[in-house]
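Each of the next two complexes has chain A plus one other chain: chain B in the first, chain C in the second.
Then we have the complex of A and B:
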C-alpha cells in the first residue's frame, strides 16, 4: 500500500515536472507576448524526435541528445516567433489562430515524416534502479525531477537577479514604457520564445525514455500546461511551478482512486472550476 | 414591382439561381461517389456557416464544433438504437441535447474572453472525445457504433438511397443557410457585431453581451447537432476518431479559408477544402499539412480568406 502511494507520488512528480517546465515557458510567452503558444506542443514532439534520431541514427550518447533537443526546440520556437507571430503583432485573434494552426501543422507533419508508430528512446539512466529502504525508483525519474528543479532555480535567477530578467519583467509590466526606457522589445520577445522552446525541449527529451516518442505526444502535455497557466495564475512563475506539480499529482492519484479512463479529463474539470471560482488563478492578481 | 425588376436584374440573383439549379441537378450529372462527397460537404457547409455566426459575427473563437457534430450524431444514433425512437424523433431530440450541452458549457466559459475561451472549448472537444471513447456501455467505444437505422421512408420516398438522402440534406442545408443569413442580417446579428467590435463599449450601452455570446454559441452548436444527426443516419457507422479536435480544427480552417463574417464565404471554404481533401486521399497526413500551411499564409497575407481574394482580383481588373 505504502509502496504504491510512494511510487505514484514519484510518477506524479515526474509528470508534474513536465507540465511545470512547459507551463513556465508558456506563462512567460502568454503574459508578455499575449499569445497562448500552442506551437509549443509541436516543439515538444520535434525536440523528442531530434533526441531520438541523435541516439538511434547517429549513435551519440543520451546526454548529447539532450543538447540537440534543446537546440532544436529553441531554434524552432524563435523561428516561429519571427516568421509567424511577428507579422501579426497587434492582432491577438490572428496570432491565436496561427498558434493553433502551427500546433495542427507540426503534429501532422510529424505523422507524415515519421508515421504514427511509437518509438523507444533508450536512456542509460532508465536501467539504473535506486533503492531506498525497499522502495525502488529508476534514476531517470529522479533526473527528471532534479533537472526540473535545477532549471526552475536557474530561470528564477535569470528573471530576478539579472539585468535581462529585469528587462523581461519591465516589458511584462508595461511594454510601452519599457520601450521608452531603451529596452528592445523584439529582443525580449526572442529571449522569452527561446526560453520557452528550451524548457519545452528539455521536458520532452527527459520524459521520452520513460514513455515513447510519437507524433501526437505533444498534444496532451501542451493542453495540460495551458490549464496549469490558467490554474496557477497568468504570468505567475510560482503559479506555473506549483500548478504543474499539483496537476501531475491530481492526475496520477485520480487515475488510481477515481478513474483511469478520465485521467486526461481531470485537467478540464480543474479548468472549469478555476474559471468559475477563482478566475485569476491560484497565484494570480485580482 | 420595382423591387422585383431590380431583383431580376441583379447579377447576384442569377448567380444564386444558377448555383441552386446545379445543386438540384447534381445527382443526374455526376457519379454516386461524387454525390456522396457532396452530401458530406453539405454537412460541413452547415457547420461552418453556423460557426461563422459565432466567429465572424460575435467574434468568439471556439474549437469544439467537431464535438457538437459528434454529440448530435451519437445522441441521435443512440436514441434510435437503444430507445427505438423513429429517426424523425431522434434527430430533433439529439439537437435539443446538443443545445443543452452548449448552453451548460457556454454559460461559465463565455464569461471568459478571447484565448481563455478558446482554450476551454479546445478542452471540451477533447473531453467529449474521451466520453465517446471510454463509455463503452453507451457508445461501444473504440469499436464504433454500428447498426444505425436509416431514415424511415416517407410518402414512398426511400431515404436509404444516396440520391434521395442528398435532396433531404440539401433542403435542410438551404433552410439552415436561409435562417442563418436572416439572423446575421437582423437586429440579433447587429448585437453580435457590437460584441465583436468592442465588448466593453457594447456593455456600457446596456447590451447584455454574455447573453448574446451564449445565443451565438448555442445556435452554432444547434446547427452542428442537426448536421451530426443527419450524418449518423447517412453514414450509419460512428467512430470516436471522426470527432477529435482535428475535426474542430478543420471547421476553423474551412471558415477562415472561405472568409469570416460573410455566411457564404465559409460555404466556398467548405467546398474547396472538402474536395481537395478528397482528391488528396492517397496522402492523408500531407493534406492536413497543406491546409495548415494555407491557413497560416491566409492569416498573414489575406485575413478575409477567399472572399477577400476574389474582391482583390476584381479591384485589380478594374
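Then we have the complex of A and C:
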C-alpha cells in the first residue's frame, strides 16, 4: 500500500517536473513576448529525436545526447522567434495563429521524416534501480526530478540575481520603459526564447527514456504546460514551478483514485476552474 | 547639444507634431510647455527613440538619432524621466537604480553613481530594499529621477515631474532640478506648472496643437502678456 503511494508520488513528480520545466519557459515567453508559444510542443519532439539519433545512430552516450537535445531545442526556439514571430510583432493574433501552425507543422514534419512509429531511447540510468527499504525506483526517475530542481535553482538565480535577469523582469513589467534604460528588447526576446527552448529540450530528453520517442509526444505536455501557466499565474516563475508539480501529482493520483479515463482531463478541469474562480492564477499579480 | 529640425510625427494616420524645431544647449534648463494634448510627451518620446519622425532630423552631439532605437540613444547620453514616473513596481528601489545604469558606459560607475543619488535622495537609501511599487508618489518621482541620473546622461528629459504631487514635494523636486543643473547636467523640462518651470529655466518653448508657437528666454516669457493670460492665469 505505502509502496504504491510512494511509487505514484515519484511518478507524479516525474511528470510534474516535465510540466514545470516547459511551463517556466512558456510563462516567460507568454508574459514578455505575448505569445502562447505552441511551437514548444514541436521543439520538445525535435529535441527528443535529436537525443535518440545521437544515441542510436551516432552511438554517443546518453549524457552527451542531452547536450545535443539542448542545443537543438535552443537553436530551434531562437530561430522560430527570429524568423516567424519577430516580423509579426505588434499583431498578437497573427503570432498566435503562426504558433499553432508551427505546433502542427513540426509534428507532421516529424512524422514525414521519421514515421509515426514510437522509438526507444535507451538510457543507462533506467537500468539502475535504487532500493529504499523495499521501495524501488530507477535512477532515471530520480534524475528527472533532481535535474528539474537544479534547473529551477539556476533559473531563479538568473532571474533574481543577475543583471540580465533584472533586465528580463523589467521588460516583463514595463517593456517601453525598459528600453529607456538601454535594454535591447530584441536581445531579451532572444534570451527568453533560448531559455524556453533549452528547458523544453531538457524535459523531453530526460523523460524520453521512460516513455517513448514519437512525433506526437509533444502534444499533451505542451497543452498541459499551457494550462499550468494559466493555473500558476501568467508570468509567475513560482506559479509555473508549483503548478506543474501539482498537476503531475493530481493526474497521477487522480488516475488511481478517480479514474484512468480522466487522467488527461484533470488539466482541463483545472483550467476551467482557474478561469472561473481565480482568473489571475495561483500566484498571479492581479 | 540637441538640435531638432522640422520634425513631423504621427501615430498611425493621425499626425500630432507639425514642423517642430528647437534646440537645447549644453548646460541649459529648457522648459517645454503647453496645454493638455499639445504634443509634449510625443516630442520627448520621439527624441528618446520610442517614436520616429516621418520627416525632419534630430541631432544629438554629432549623431543623427531620428532613426535610432531607444537603447542606443540612452547609450549616447540622453535619459528620460517618463510621464507618470514608470518605476518598475515589482523590482526593489536598488534594482530600479541598477537598471538605470544598465548601459556599458554607465555600469562602470555603478557604485559611485549609487552613492551620488543616495546623497541627493537619502530617502531612497533608507528604502533601497523596498519594492518600488510600494513607494509614495513623491518617492517614486525621486526614484524615476535618480534612475535617470544613474545612466550618466548628459541630457535628462523630464516629463511633468511635479504632476500629482503635494506642494512641499513639488518645491523639493524643482530644487533638485536646479541643483542637478549646477552639476553640469542639461535638462529639458516638460511641465504643466508653467510658472515654476519658467522660473527655473533659461529658455522656453510653448507648443500648441503640435506646433511651436512661442519661444524665448524664460524671464521675458514670464512677463509676456499672452503667456500670462494663457498659462499663468493672471
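Convention: the second predicted complex is superposed on the first by the 286 of 286 C-alpha atoms of A that agree within 3 Å, B and C clash if a C-alpha of one lies under 4 Å from a C-alpha of the other, contacts with A are read in each partner's own complex, and residues count from 1 in each chain.
What we mean here is this: contacts are C-beta pairs under 8 Å (C-beta built on N, C-alpha and C of every residue); 3 or more make two chains touch, one makes a residue touch a chain.
Computed from a prediction, not measured in an experiment: that's the story for all the values here.
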The chain contacting more residues of chain A, comparing chain B with chain C, is B
Q. In the superposed arrangement, does A:170 touch chain B (first), chain C (second), both or neither?
A. second
First, second, both or neither for A:84, with chain B first and chain C second: first
Return first, second, both or neither, reflecting whether A:180 touches chain B, chain C, both chains, or no partner chain.
-> second
Quiz item: After superposition on the shared chain, which partner residues are touched by A:94: those of chain B (first), chain C (second), both, or neither?
Solution: first
Footprint intersection on chain A (chain B / chain C) at none
Within their complex, chain A touches chain C through residues 163, 166-167, 169-170, 173-174, 176-185, 285
Counting only contacts in the complex, chain A reaches chain B at residues 30, 36, 84, 87-88, 92-94, 96-98, 100-102, 104-105, 108-109, 111-112, 219, 223, 226-227, 230, 261-262, 264-265, 267-268, 271-272, 275-276, 279
As the complex stands, chain C meets chain A at residues 48-50, 69-71, 74-75, 79-80, 82, 86, 88-91, 95, 98-100, 102-103, 106-107, 147, 151
Listed in rising order, the residues of chain B that touch chain A in the complex are 59, 61, 63, 108-109, 111-112, 114-116, 118-120, 122-124, 126-127, 130, 133-134, 245-246, 249, 252-253, 256, 283, 285-286, 288-289, 292-293, 295-296, 299-300, 303
